[in-house]
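First chain A sits with chain B, and in the next complex the same chain sits with chain C.
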Partner chain A sequence: MKTLAAKRRHPAALFVLLLAALLTMGTAYAFASPRTTAAPSTAAAATDEEAGKAIFLANCASCHGVLAQGGQFAPSLAGVGAASVDFQMGTGRMPMVRPGVQAPREPRLFDQQQINQVGAYIASLAPGPAVPSTEYTEGGGDAARGGEIYRVNCAMCHNASGAGGALTRGKYAPSLRGVEGKHIYEAMLTGPQSMPVFKDTNLSPTDKKDVITFLQEVDKGENPGGYALGNIGPVPEGMFAWTFGIGLMILAAIWLGRKAA
Partner chain B sequence: MTTHGTPDGAHTPMNDEHGSTAVRLDQGHIQGTGGIPAQFQNPGLPPHVERMSDIDPKAAKRAELQVASMFILSILGSLACLVAYFVIPTHQQIWIPAIENGNLSHLAIGLTLAISTFFIGAGAVHWAKTLMPDQEVVEERHPLHSTPEERQAFARALAEGDAAAQLSRRPLLKMTLAGALGLFAIPPIVQLVGGLGPLPGDDLSTTFWDSKYWTNGKAPRLMRDPEMTPIKASDVTIGSVFHVLPEGIMDSEHPLDEKGKAAVLLMRLHPDQIKSQKERDWGYHGIVAYSKICTHVGCPVGLYEQTTHHLLCPCHQSTFDVTDDCKVIFGPAHRPLPQLKIAVDAEGYLIAEHGFAEAVGPSFWERG
Partner chain C sequence: MSTRTTDGLRAGDSRSAATSSSSTKAGAIAGWVDDRTGLAKGARYIMSKVFPDHWSFMLGEVAMYSMIITLITGVFLTFWFVPSAGHVEYNGSYIPLKGVQMSEAYASTLHISFDVRGGLLIRQIHHWGALLFVVAIVCHMFRVFFTGAYRKPREINWLIGTMLAMLALIEGFAGYSLPDDLLSGTGLRAAQGFMLTIPVIGSYFVYFLFGGTFPGEAIIPRLYSVHILLLPAIIVGLFAAHLILVMVHKHTQYPGPGRTNENVVGFRLMPVYTAKAGGFFFIVFGIIALISSLFSINSIWNYGPYDPTAVTAGSQPDWYMGFADGALRLMPGWTEVSFGGFTFTYGILLGSLVLLPLVYVLMGAYPFVEQWITGDQREHHLLERPRNADTRTAIGVAAITAYCVLWFAAGNDIIATHLSLSINDITWFFRILFFVGPLLAFWVTKRICLALQRADREKVLHGRETGEIVRTADGRFYERHEPLDEYTRWHLVTGEPPVALALDSGTDHNGVRRPASKSERRRAKWARFFYKDNIPPVTPAELIAAQHDGHGHEAVAEIESGETTSRH
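On to the complex of A and B.
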């Protein structure tokens, strides 16, 4: 104890204490965070819709309202369909972790059966797009044609290689790397958040299948060589050349100009 | 704490020779005495410092070995590059820390070539710095002009040549030669300017939507890009965005040139959200079509946010408000995006009865 008392005036003591306090608070917050609310067991409920309603009331209704009618912070869910529920909950965007301009992709909280039950409940409120059939979401289409459709309709926001990009005022188009084909299809179908809708009357199911096939090709991640720098285009590449390239040249110039000892 | 030069004045340069020492701000105006010498002495070069390798033969030997080992590294790099070129399969991918997936063959060739070239240079520099002479030497510049005799001889030769050719005596020859040489320069200049291509004419002011491009007198339908299928008004749901080209554009003489001007973005808003009466009138039940070519420098303005109805240009972040006739709300663009007036034909497909009312895309000379 005596040595500890002696060390309390050490210059690093303040930082050690601060770090310990921050760690404690952070861990405590993570435990107290509403995101860890356990989903109630739904096995007892009679139908999917009732089970879904129970999950909805426990996890979603605080923002979306007890009748899914929407509220101050969240839209009405009438007519969004099971596809929207499957996308938002399946990619972990909902339940939303914290308020913000955009819900980020997170590890998902519910298993597929629970998500399907919520989807069934939301679909029972008003007709909306259903979860797409696996025929169109598993790839196996024409990747070249999908690439062409992707470059016209998607690439301006999501980047030519699916790396994502910035929108206005803190919003962004997320990266499409490693996203399940089903979720890509549902995003096109429902237009989550800032994204416009690409209904089947715009891009047919075959078009969507081709886009998914193209993205699966991109996901294989074959790199012809060199440092891709996230594949987000000329700005990081220029930045890299300016900082590292010119830095190296300055070091070389200093070395050249020094006399040997 | 009091030191010299503080305002409380233990020691101030007040009584020193002004003009040769610094003057403090609180001393007011002080007439200098011209304490700076008329000419500074050339300080000359600092004394030469011998290097270790100049004094110690062992150090010189060490430097020699260092240079030689750099050259040997370069040789090894070249050989390794040749081996990598022939041995490593061209499509093999490997995982590299910080780079992630990469092509092994390209990486190996690049690295070995870098070693090969870098160590030639590094060895040469190290050689020059440690072993080659480093005595400081001053070389004076010598005058560039010729001697007076040579210059006079040249002037004489010129005058003699002029007299012999009778150039000054026969002005007719002088005039015609000057004319011939002057005119000779014009044909190449004309070809050069002509080779810059035909004048643009009204190319910048017209698009493929204009009636002069209509086939058999029918207003063109709006077609999906790239599928080139017509769009029914009922296909365009609220929140949708369609990338649109005019019917028949792929059959035009230069489809890419035409696409660069005629690309259109089709969106549907709730009619109540539209603030501009002209936008409502030129649209169809909330379906509106706007040029996709940014009025700043002509990038495709494709980033439509369906929640805010902002159209964002990815190049310079110009932002257009689709609810208010695509007025600029942010960024360097100066003009709103031109709207395409749309209607519906007898079969329910969207058509454009007129071209754009103004030139699309960035400013140009005649447009202002």
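On to the complex of A and C.
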């Protein structure tokens, strides 16, 4: 104890203490936080619909109701279709990890087969949009045309280069970078959260395919001009000019000012 | 008059027949030129000008060099840029836009970016250079403001500088609007909206400027003329006047040993400053080129061509227009009123067309307002330390705070998405902060300045606190103070004496009460506001007195007791 007391004024003591505190808190949190339970096995179920219902009851019914009729915090799922389920569960937005103004994108909790089963169950409740065929969701369309459609219909919320943008009261249009083509198609089809629906009569499947192709082009992340500073326009550019730009100039000026003539 | 002959007219013209002769070849050429132009005298005057050394004096140079760099790169860009709204189908090498209908302006900008050798680099140098030009102007203005360099005789140069700052902003905005991509078109649309809010003549003015409705075909060529011809000419002209006045006034200097109000201590332009400043140009060019080659700016190909029906999230102007954009974002909606069938959008009018010039008018007016308050008619060639002019420094910081609030408000959507906050909350926070922030900043800055003033006095009179505790034989403890060395002390002692405030006592020399003029009383009130807390630096006389006294308690005690009238 005496050696410890002697070391307590050591310059590193503060950092060691901080590190120890952080480690303790982190470990304690890891043990105390609720762990995600493994999804129940569905092998026993006879059909996809039944298996999907089992998953639904275990993971979704607490908010959406045992008959998917909806509740105080969650909408009815009759008629949303398998496409909606595939989008929401496939991007990890559902089951929602915490209450909030908007379900954020998270690592998904279920594999594709389980999502399909829940989709089959929801689709059996009432007719709704189905999961789109891969013909339209894998890209390979006209990127330039897709860009034009994107700028007129999507850029006002999602930003011209898919970086996302703010909506009112904490809601936001998420970034579209690295999103699977299928999920982009389903989002346009079903209009999740604040997003409007783009029906096939509005944007034809070919239009949607072109938009996906355009976003894939954006995703390639080719920045001919150098590091893109997040591709969100003049704000980071101005910040850069005011920090690194003028900072380097001032450093050079100080260096030159000190140089003996 | 009539008696003057031709010979008489030429009477004063006789010049020495001797021509300059020089042994070196360069000297011979210089002599030849001088014989025909008489430039040597002017050149000698300029070359023997003395400039003081300090890094903060080079901020203006950064602005000057950035301006030269944007001029040079701008000329390169004009070789390929087509200032036309004429429609073409893009067939260049950028695949994601192949076959898209667009204006010639946008197509040629894409051409410069992707198909002209070195074009993208030059474009990026032009844009980064422009951003840094305005940044450097602002930093230069900070230096001039906070050191009081705008005081007599330099008020006119401050005005010219203010005009340059405003023109640089307009010039930048014109350039931002030229490529006709989605972002620049949105900016132009916003500017058109500002003009529409001018009461009565708004819509006529817009028709006049755009040659019809928005966007029309006329605005791009018109902006181009303004951007490459009109504004650069005015800016370069004003800039030349700015530099000539610096030569005429001589450069200001920080106080220090041997530096007085009557001299300039430094090096001559030739050869030292020619080398230093010339070298600094290449450093600035190098830094801008380095940034431009590593960091993308205004990736117009991401935005796509302008289309009046489209807009992108995260539409922001370049940083220097940000404060006006922020003001618009903070303006509440009820500022739009309908009156007798006409709509008056005062919110937009105030946030743009009133605010933009107002900022520069306030800046330009400040030296004259301060002079009126202080009644200081002396010439100042020695700079003030910001801490010694506490009220001015506090006013400056308060103004910067208000500006920054508006500035950050322009990025409210970016703040919302990146910090996961509600944009509505951010807007309300900034609305309140716009009024509270400057007051708080004023108070905090003033307190810090006063504390530093006290600390300086303390240091001069009592020396530096060494941190060594001495215990005397009878058990008393005290901290040993070490006197400052003369060089350090000089900076803390030789301030200019404060202005003799001619405060009206309200009585004439017979002691009879006399009604002071209203404006004089108002002036006195402001002067008290300006000076009342100031703790002036120790004067040499005080220092001598303190050294005789051994401790100098009296001098401090006198000031601490709030004795303000006996100071001068």
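The rule is simple: the second predicted complex is superposed on the first by the 223 of 261 C-alpha atoms of A that agree within 3 Å, B and C clash if a C-alpha of one lies under 4 Å from a C-alpha of the other, contacts with A are read in each partner's own complex, and residues count from 1 in each chain.
Just so we're on the same page, a contact is a pair of C-beta atoms (placed from the backbone, for glycine too) under 8 Å apart; a residue touches a chain by one contact, two chains touch by 3 or more.
Given the structure is predicted, the values throughout are model-derived calculations rather than measurements.
Taken together through their common chain A, the two structures put chain B and chain C in a clash. Residue contacts after overlaying the shared chain place A:144 against chain C, while chain B stays out of touching range. Chain A is touched at more residues by one of its partners, and among chain B and chain C that partner is C. With both structures placed on the common chain, the touch criterion links A:259 to chain B and to chain C.
Once the two complexes are laid over each other on the shared chain, residue contacts for A:156 go to chain B and to chain C alike.
Applying the stated contact rule after C-alpha superposition, one finds that A:249 touches chain C and leaves chain B untouched. When the two structures are aligned on the shared chain, A:73 is found in touch with neither chain B nor chain C. In the superposition on chain A, contact of A:168 is made with both chain B and chain C. When the shared chain is aligned, no partner comes close enough to touch A:15: not chain B, not chain C.
In the superposition on chain A, A:235 contacts chain C only, with no contact to chain B. Overlap of the chain B and chain C interfaces on chain A comprises residues 148, 152, 156-157, 165, 167-168, 173, 223-228, 256, 258-259, 261.
The touching residues of chain A, when paired with chain C in their complex, are 101, 143-145, 147-148, 151-152, 155-161, 163-170, 172-173, 214, 217-218, 223-229, 231-235, 237-242, 244-246, 248-250, 252-254, 256-259, 261. Across the interface of their complex, chain A is touched by residues 53-59, 61-62, 95-100, 113-114, 120, 124, 128, 131-132, 135-136, 139, 182-183, 267, 272, 276, 279-280, 283-284, 287-288, 291-299, 301-304, 307, 309-320, 322, 410-414, 416-417, 420-425 of chain C. Across the interface of their complex, chain A is touched by residues 49, 51-53, 93, 98-103, 105-107, 110, 125, 129-130, 134, 224-227, 232, 234-243, 267, 300, 302-308, 310, 312, 314, 317, 319, 330 of chain B. The touching residues of chain A, counted against chain B in their complex, run 148-149, 152-153, 156-157, 165, 167-168, 171, 173, 191, 193-199, 201-202, 207, 221-228, 255-256, 258-261.
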